[in-house]
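These are the structures in question, set out in turn.
Each of the two complexes below includes chain A, the first together with chain B, the second together with chain C.
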Partner chain A sequence: MTKSRRISRHVKRRMTAIACSILVLLVMLFFLAPFVWMIIYSIYPSQVLQGGIPDLSAANLTAGAYARLFSDTSFLVPMGNSAIVGISTTLICMTVGSACAYAIARFRFRGRQTLLMSMMTVQAIPVIVLAVPLFILLRSVGLYDQLFGLILTYTAFILPLVIWMMVGFFEDLPPSLERAARIDGCSRFQIMYKIAFPLAAPGMAATAILAFITSWSDFFLAKVLTSSNAVTLPVKTAAFQGLFAMDYTSAATAGVITAVPVLILTLIAQKWIIRGLTEGAVKG
Partner chain B sequence: MRRTATAPAHVDKARKKDLRFGLMLAAPAVFIVLLLLGYPMGYAFYMSFQQWNDKLGMDHPFTGLSNYTDLISDPQFHGAMARTAYFSVITVLGGVALAVAIALLLNREFKGRTIARVLLLVPWAVPPVVNGIMWKLIFDGTSGILNGLLKSMGLIKDNVQWLADPSTAMNILIFAEMWKLLPFLCLLMLAALQGITENLHKAASIDGAGAWNKFWRIILPNIRGPLMFALIVQSMWSLKVFDTIYVLTGGSGGPAEGTTTINFLAYLTNFSNLDRGYGSAMAVTIMVLVLLVTAFWILLFGRLNRSKGDIND
Partner chain C sequence: MAEIKLINVAKTYGKGRKAKNAVHDLSYTIDDGTFVSLLGPSGCGKSTTLNMIAGLEDISAGEILIDGHRVDDLEPDKRDLAFVFQDYALYPHMSVFENIAFGLRMRKVPKAEIHTRVTDAARRLDIEHVLSNRPRALSGGQRQRVALARAIARRPAVFLFDEPLSNLDALLRDQTRSELKMLHAELGATSVYVTHDQEEAMTLSDKIAVMSRGKLEQFGTPFEVYHQPATEFVASFVGKPRMNLFTAAKLASGHYGLSGTHFTVDVPAVQAPEMRIGLRPEECDLRVPSSGEAAHGTVRTVEPLGNVSDVILDVGANQFLSRVPGFGTFQPGDEVVIDTQRARVHCFDIKTGLRI
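Our next item is the complex of A and B:
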């Protein structure tokens, strides 16, 4: 009796494990298949893909869509714009944001808690509230549809995120090194950029990647604040699909091109990104 | 400052220097945020009290609360509110519940656990516009893969125009958004689950708690904080969904306004109708809603915290 019961419990456990593995596979399939399908769409001619089970043999492969987009200035310019805006925004955010975060983490000035909390709160403001005033503001100073206008706007939107994350990283550093440096006669500024910043470098890199991703992926603000000259990659990509007509292969290809840099950066920094994304929630 | 009375003069001086240095470091960031977030926010309030329609003319008479009272009697806004409620309830409650389930699944010991977690970042990283295009390639009526698959399996004879029916389009939108938002919530819940100590699990098993009991009595109370965070963040996102709607519906919010949420309606009002005063009133309303929903979650969980003590507290 007891033996058979033990066996049945063992069988039950095995069954659960197998069921769970199947579920995990299904979940992962759900999360990956649509993206893989878009990649397939970008490397096969659309006649092959429409109707029924597509024939995905290597003979049908084509890089034509990529060749077409990469030789089309109306696509290359937005891509360049996105790169310029993303890199500039990231650099400004990291410089200005790290300084502010360091101040919040290390100096006990009045209002630092308020400052930190307000950085958290502004992230909750829906973008739509700010979109119209920003549009009017940028138009009135001649920065509408200009890369610099977008850079300024993204900087303001991403700064709170950068500050929030960097405060966490700076607070994790042991203050003893900085104290020792001060005793050795380093100035406050030297301590910051010669000791604290290098120590926080991995966190900084992850934050920078997150800042770049946020800027690169934005659609709404770019849509509202540009019209032709400063159009970014997401706006261009979305334009491949109009209300009535859609160039599917181009849209899929543009989609892959828009997503790939973000995916690569994410995979490079995955450990830090997961930590950065979840830490605030789990701690607080 | 009480400390200055006891601290020697040079320490006091150093502290003052610290303060000045700290403020200097923080100033540029504060300036940028105030200029480009704070000022526009105030300006949005100001605009929402005016009749400001760029189609009608350049002068903007002050009209008090009339934009807001118009909202109350605007059937288009009511429709958008109802759709937003439908969308948000499913994506927030359904999303967080599913995320907890998937997190429990991924928290088990299995081969490739680390890889599975890293791959979860793929949907998170895919830009929202690309998310829209991806699902368009699947659900599109003429050349989407879904119709092709269903036809080859003999389940349908003719192409179904999935995105042509308002309520189907809304459900597809929810499905597409879920794909994008679930991974982040899952990672959050996974991190929370890992915060529960092994001892707690063991103690529960020794006490003879079944899986069901363990979930309600041990796991759920101990991930309350992250759970609240997930609900708040997801509520904010759901109330401001935009990109996927834009791409899935070709910028229309259609068919027949079927996917026009309040955020999308505010966009159309501001940037298609150029009715910026009325649109600002909508935007401000969305912000108030975000605040209310956030307050709701905080109050609800504050109550839970008081009524139920847990082991870790």
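Our next item is the complex of A and C:
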């Protein structure tokens, strides 16, 4: 190969790398800009931001909006509600879902595939179609505007997804490990929590985080199924937008507070997913 | 120590019209302290049989007795056996020590005793220095040893092995095979070993159960299986290179020939008009035909292996293999005579495949 051809190949490769970097930057900007703007809004007074070119100097920084929201009971209660609903939904979904998924993954029974498919069908129904029937149903059983009603509803929506995902994780585990555990004296239940669950932990963590994020940040169902008592964080955040005026700072601050747990959990999930726990289990 | 007895054991998968017999009517006894291999091609039911002995699969019919006690309705852990899996099946989330100790912990063995047994097993298999490592940090050979140590530490009455060497490279396989044999001599526990590798079966076993399509073809010592194969299948499966097998027609009483050739074999005791004849390649010599003598076949290729050479001949429409010492003196195209004077002639019924 001649020198000039080698150089042109080198240049071409470099150009491609630069083009890719620019593309990534653009995509990042597209996704991150609204979030960055939200953070800026939460830490600068709105007067600074709304008049022409914003002055983003450190002197203007303020944590006043956070202090105000964290001392306001009408904000803390929805935040607590969101936490209760998110954690409870996740716990129920993971406990019931993992056991259910393990059974589907490991036992061969009639209707197994149909069961799995029907679970996905639930996901295909738009939530908006079910909102009104759910509202009527919950009201008739006295669970309207109750945290338990909300937990039950979210569980119904998220559980099939959890099972669907977990079946995949359990099916990936080498069956010989469970057979070895049976020889070692484990009961079915012990195999599940001593072998299968620890090995599927990365998958379980990822699924749990997904379940939490879905229930924590849902707006639509929470809006339909609550009025005052069981209002959650997204509903409260939306309430900062009034009919004639909007408290941008509070809305942005509440938005950041809603997003932070989701962000942290996603980062943790990423670490968990990458960790290949089953590596070295069997030959290779 | 234990004797394993299989009485009419069968395994059927599916029900009704879809039912498929994986194992048919197995009956044999594995004597106390012996090493028995289940040998056969893949899909012959050998692993299913092992799993049934282990209790990992239910039996569809028959009985399995260990030391006279019926065990086929017992859970695997109640049968006092250890299992070494093909893929080792080490728990990846536990250290090597915990892996070996797990079965003992589940059986509520006292802590001090667990420690003694684990270190003893690790010392025997030379893996003491990796006890604190996770399985993923070990090489294939070390993982295999951990799997063996896990079985040994349990001190069971029966060891079951499911192709434990098939994932090792050739050199390590030979080495581990010898160690396995020594280990068995040392421990003296009844062992059942599944393999498709006849060399492993021959070198390790006191007895071999050759299986094909879910049926037992022969249960005998390596000598019997090699020199007195009970069926044509056993004859063709055991032995490397494979036995020469061809259909021969009766020419005169006790005199059989391969049609269209001058190759004949004397089998005085047999009277059937036609039968299958088997000759081991290493027992058949080749020579140049003497003047006036008709050649049996033509050399097609010669495959030198160093100490021996495999000479492939065209004998009529059949291929015939002869293993000759050294590099041999034959060239492709040479006409030769097959000398079967020192060969054992194996005769099989043409319909049933059974030894005559």
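Criterion: the second predicted complex is superposed on the first by the 247 of 284 C-alpha atoms of A that agree within 3 Å, B and C clash if a C-alpha of one lies under 4 Å from a C-alpha of the other, contacts with A are read in each partner's own complex, and residues count from 1 in each chain.
Assume contacts are C-beta pairs under 8 Å (C-beta built on N, C-alpha and C of every residue); 3 or more make two chains touch, one makes a residue touch a chain.
What you see is a predicted model; the values in this text were computed from it and never measured.
When both complexes are overlaid on chain A, the residue A:20 reaches chain B alone and has no touch with chain C.
Which of chain B and chain C touches more residues of chain A is settled by the count: it is B.
Contacts of A:185 after superposition: chain C is touched, whereas chain B is not reached. Once chain A of one complex is fitted onto chain A of the other, the partner contacts of A:216 are limited to chain B, with no touch recorded for chain C. Chain A uses residues 277-282, 284 to touch chain B in one structure and chain C in the other.
Across the complex, chain B is touched by residues 17, 20-21, 23-24, 27-28, 30-32, 34-35, 37-38, 41, 46, 49-54, 96-97, 99-100, 102-104, 106-109, 112, 115, 119, 122, 124-134, 136-137, 152-153, 155-157, 159-160, 163, 188-189, 192, 213, 216-217, 219-220, 223-224, 234, 237-238, 240-244, 246, 248, 251-252, 254-256, 258-259, 262-263, 265-267, 270, 273-274, 277-282, 284 of chain A. Residues 174, 176-177, 179-186, 190, 195, 198-199, 201, 277-284 of chain A are the ones touching chain C in the complex. On the chain C side of its complex with chain A, the touching residues are 54-56, 75-77, 81-83, 85-93, 102-103, 106-107, 134-138, 140, 143, 167. Interface of chain B with chain A (complex): residues 17-19, 21-26, 28-30, 32-33, 35-41, 43-44, 47, 102, 105-106, 108, 110, 116-130, 132-138, 140, 143, 145, 148-149, 151-152, 179, 182-184, 187-188, 190-192, 195, 225-226, 229-230, 233, 236, 239-240, 242-243, 246-247, 249-252, 263, 266-267, 270-271, 276, 279-280, 282-284, 286-287, 290-291, 294.
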